[in-house]
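By letter and in written order, the chains are A, B, C and D; residue numbering begins at 1 in each of them.
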Amino acid sequence: MAKTLLQSVNLYCERDQRVLFENLDISVSAGEVLQVEGPNGSGKTTLLRILTGLSDAYEGDLLWQGQPLQKVRESYYQEMQYLGHSAGIKQALTAEENLQWYAVIQAGHLNAGSSSQQRAGNIADILAKVGLRGYEDVPCHTLSAGQQRRVNLARLYLSSATLWILDEPFTAIDKNGIATIETLIEEHVKSGGTVIITTHQDLKSVPNLRKITLGEVLPA
Amino acid sequence: MSFSKLFMATLKRDMTIAFRHPSDLVNPLIFFLVVVSLFPLAISPDARYLAEIAPGVLWVASLLATLLSLDMLFQSDYQDGTLEQLLLSPQPLYTSVLAKVVSHWLLSGLPLALISPLLALMLFLPSSAMPTLMITLLLGTPIMSFIGAIGAALTIGLRKTGLLLSLIVLPLYIPILIFAASAVQNAAIGLPVLGHLALLGALLVLSVVLAPLAIAAALRISLGS
Amino acid sequence: MWTWFYRLGSPKWFYGISGRWLPWFLCAAMVLLVTGSVWGLAFAPQDYQQGNSFRIIYIHVPTAFLAQSCYFIMAVCGAIGLIWKMKLSDMVAKSCAPIGASFTFLALVTGAIWGKPTWGTWWVWDARLTSMLVLLFLYLGVIALQSAISDRNQAAKASAVLSLVGLVNIPIIKYSVEWWNTLHQPASFSVVAKPTMPIEMWMPLLIMVIGLYCFFAALLVMRIRVEILEREWRTEWVKALIKKR
Amino acid sequence: MYFESLSDFIAMGGHAKYVWSSYLIALFIFILNLVLPVMARQRFFNNQSRRLRRETSARNVKIENEGHDASGS
């Protein structure tokens, strides 16, 4: 059996005197995809932010490889890549500059041993892969919403993290783009990676898919 | 990953962004200029009188200018989601926070200190006090950036942050104001200022060491809901 | 294990036990405060320089004293809440802020009133009054931050950080203000130092200080109990309490 | 008693307005500090009992509806 990476035990979260979820037990292992579903306002983003360790507005336990997440934060962040709800890029910077900064701050899970020239080459390649060839050096505010989203998604190529946590990655992205990302997820999972994702999209080609649905348990 | 690489990357990023929005750079300076020129209009254009209040006026004005520039520190990073990525980085938050505050100072406090002699002339500050004025500003504005950043980090994502931020931060600025303004006053009447400057320097060291810890904690708290 | 204990066990236990303490605190505070002020107002001799206006000391000094220790308690409890995630500690810190602010305000007002017959003006930029004023600003900042954040836990943590920063700053502020204004009287009362006042002047002051501490404890407990109820609204024991009424 | 008479005591050697106003303001603030938490407590119990009543009535309606559906089908 594959090793459990991230585990939540008896997770409880309330917001504005409303219970979002309770007794939530999640566990994901290597090579698995967990799709979180639920209507708007059911707490999908909240759950994902809790799982990244950003939010601590919960009760219960979160374990990373069997250890409490708060205690192993550093090593968790070496292995975890989160794409949030918001664009995650600076409008004033070019796509390349954005990725360069990310390459440095994500350095814990950057493909090791790359010099700055190699990295520049890498970044150009990566931007080409997400279909932004020729847009490397224009400020991001001139890009369309979908293109900006692609700059953000390009970070997945930059990273060697095992666990990806993706919050609505398909927003504002066209059909081709969706196919590209699905392939990317598929490859990641096949090589032993793990993905936790919220989306309304059907992930047909993705192996080892499990789903959980939030917002079904009404408060008693 | 070395300390300097991470520090420089964030510093360079923030500086690049600021230079692509030049108005953000110039606005605090204009504010400083306008506030300082209000005092002769409100009180009196009499040179002797102005020279007497000049240290206090210059210092209060630069304090307010710093205060108003604080919201550019984290607010836009918060809105576009890069701040949460910074918090999720495996790199030490201390370093990146330090880089952000230093770039804030380079973009707000340093220019203030550099143009202050010009405004001091308008207020007839004795030229013997000019070097002290610049030194106090060079020492004091980074402290204000550091302490202000704690307040800015605590108020991220709240509505109507401007007034709240001033309420939180201004009382903490009082010691800097006292030491710095009285140093300039002393310099103007020919008294020694080394003690004041040493105290400001000590405060600067203290804030460089401690403030990033508080800022990092505050950022995690503010993004944690 | 310990965090679990603090998180779930503590508030209910505290609510129960504090309900039994509260009347005692209130009684002690009442008796001591009445004794102290009657003694101070009617029986203590007048000050040979300031005359009877000096009797304001029995209200001014204890409140000023308490206002400062209240900030200290607030910051320390905030830190405990921040580090060990003790909810009760968060509640103490939160409840300290308005009480401390009101005492600081009282100390300022009585100081100003005392200043009128002593210095001839309502307000003097005296070092101790000025540091009290800054202390009031610090309290108001903490309260403003607390009320601006809607999430309870986040508000508690943010104001804990702010009050800790304030705590680090208070000695610096005090030093700078005293330095700025070296013309000030030495502090007239301290628990450890030998009193310079005659005992019949000094005793009521001590009684007032102890009484005010009891009163402070009672106020703190009252506020914490409300805070516990508001945080634990969904637990069975609070629901049972509500139904009982 | 330090003072000769009650009127002396009230006059406070000419400092009556300062001394008595200080003590009155102190009394006012002490009482305010006592009343505020009591009121907050009252408010909590009122709000929560209203909420409980609302929820129980909502649940009763729901149970009635469900019963109705079951008999109808």
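To be clear about the criterion, a contact is a pair of C-beta atoms (placed from the backbone, for glycine too) under 8 Å apart; a residue touches a chain by one contact, two chains touch by 3 or more.
The structure presented is a predicted model; accordingly, all values stated were derived computationally and were not measured.
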item: Furthest chain, CA centroid comparison against subunit C; value: A
item: Inter-centroid spacing, subunit D versus subunit B (mean Cα positions, whole Å); value: 44
item: Inter-centroid spacing, subunit D versus subunit C (mean Cα positions, whole Å); value: 20
item: Distance between chain centroids, defined by C-alpha means - subunit A, subunit B (Å); value: 36
item: Centre distance in Å when subunit B and subunit C are each reduced to the mean of their C-alpha atoms; value: 32
item: In subunit A, residues with contacts to at least two other chains; value: 56-57
item: Set of subunit B residues in contact with two or more other chains; value: 224-225
item: Per-residue overlap in subunit D, given as positions that touch at least 2 other chains; value: none
item: Contacting chain pairs - touch in the sense defined above; value: A-B, A-C, B-C, C-D
item: Footprint of subunit C on subunit A - complex, ascending; value: 14, 16-17, 19, 56-57, 59
item: Contacting residues of subunit C [partner subunit D, same complex]; value: 33, 37, 41-46, 51-53, 55-56, 59-60, 63, 98-99, 102-103, 105-106, 109-110, 113-114, 116-117, 215, 219, 222-223, 225-226, 229-230, 233, 238-239, 242-243, 245
item: Residue ranges of subunit B in contact with subunit A within the complex; value: 1, 5-6, 9-10, 13, 16-17, 20-21, 76, 79-82, 84-91, 96, 223-225
item: Residues of subunit C defined as touching subunit B within the complex; value: 82, 134, 137-138, 140-141, 144-145, 148-149, 151, 153-154, 157-158, 161-162, 164-166, 168-169, 172-173, 175-177, 179-180
item: In the complex with subunit C, residue positions of subunit D that touch it; value: 1-3, 9, 12-15, 18-19, 21-23, 25-26, 29-30, 32-34, 36-38, 40-41, 44-45, 48-49, 52
